[in-house]
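Chains: A, B, C and D, in written order; residue numbering restarts at 1 for each.
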């Protein structure tokens, strides 16, 4: 199944794009999506370990199940203010 | 000699007037002026014990000498803000 | 624009207080406004009257601004205090601090407001809905007073009350 | 007027943030503005670009306002955060608290600003005079991240730098 990934902040910069997609075997979790994304490179993989993941306007844990067509947001460490 | 006294805040209310004057024997200090003012009543005397005294825009100690024609300001405990 | 009067008898303006205070090296602006509450110690308040020894208060506020700026290492400290009759909601005091970072801005602002409230010759008379009034008991500012009061650095109820 | 957007892409207005916040039972108004500094860690900064997950950030700021109001017992907590390109001196964040007394107003304001800086999905990219830029390294907001960073609750230098 395909899951779309929206990158924010430094993740967008490192990915070189706002939108990515990953192909996952079902059933899949957020952790599976992150594992698939980690193949994009060491620096991106390191950042992924510090990222929160949101589905809609909810932050979800790495054990959260994903379904086909889900859009997940990749949220690196934040620095507002 | 005569010293004029300008009363502020609750001292003005208790004195019933902004301006008072006291007659002092020379040489006199701030403490002497306060002692003379204390004769105005127990409540005023009690407040005097908590007052600062200013000459012009300087707070002076009770040992500060006074001269004829001085104007002293009587400053009860403050509560700004 | 640091030569404005620190004691003013017309409504205070935050915009006016901030004029010319901008600093490119500061990332934090902290502001305090003390406004007139409709109650004190459970009693309903209709309005306040502030009085001051204006010349001394102005001089002392300037001194406190400089002292706090130095002690906290912040480039901008400004305070203005209102006198006269104030309605509920009006500002009695405005204080602003600009600093490189927020920690020192907050610390300086607290110290600035505390110092002005505790050390500057300003008096607050509260007027109640029953027609009485009272001076708020404050802090003795004489170093050598015979009686500095039980709690010289906190407001402690009402002072001399008058019908 | 508590339904304004917490994430805004136009210059922030303190007056707008204060509209309808007046409370007759509050004697303290404490305000913080985080403004863009011309330097960071000794490097000259020309401007900043803030980005956010706007929907989530808006929701989280509202939640933080309610949490701090409850924890500190203050009736008014409001925050707005700017996104987009900001010049030196512009405000990135405005926060206001109203409380009966100043002690809780200051405490709530500090907690409010800290929480928004540390927990809300907003990112700050600094642009330097030499033409490079870097994201300011921030706080991990995943409860179950594999790596929460060495100093998750303080800014610690620069992140991924780019020419």
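Remarks
In this section, a residue touches a chain if its C-beta (ideal position, glycine included) is under 8 Å from a C-beta of that chain, and two chains touch if they have at least 3 such contacts.
For clarity, every value in this text was computed on a predicted model and none was experimentally measured.
Measuring from the averaged C-alpha position of chain C to that of chain D gives a distance of 27 Å. The distance from the centre of chain A to the centre of chain C, with each centre set as the mean of the Cα atoms, comes to 51 Å. Centroids built from CA atoms put chain C at 24 Å from chain B. Residues of chain D found to touch two or more other chains are 34, 113.
In chain B, there is no position where the chain touches two or more neighbouring chains simultaneously. If you sketch which chains touch which, the chains link end to end in a single open path, with no loop closing it. Every pair of chains in contact is given here: A-D, B-C, C-D. Within the complex formed with chain B, the chain C residues making contact are 34, 50-53, 55-57, 59, 81, 92-93, 113, 116-125, 135-149, 152, 155, 159-160, 162. The part of chain D that touches chain C in the complex is made up of residues 14, 22, 24-39, 88-89, 91, 100, 102, 105-106, 109-110, 113.
Against chain C, in their complex, chain B makes its touches with residues 8-10, 12-14, 43, 46-47, 49-54, 56-59, 61-63, 73, 75-81.
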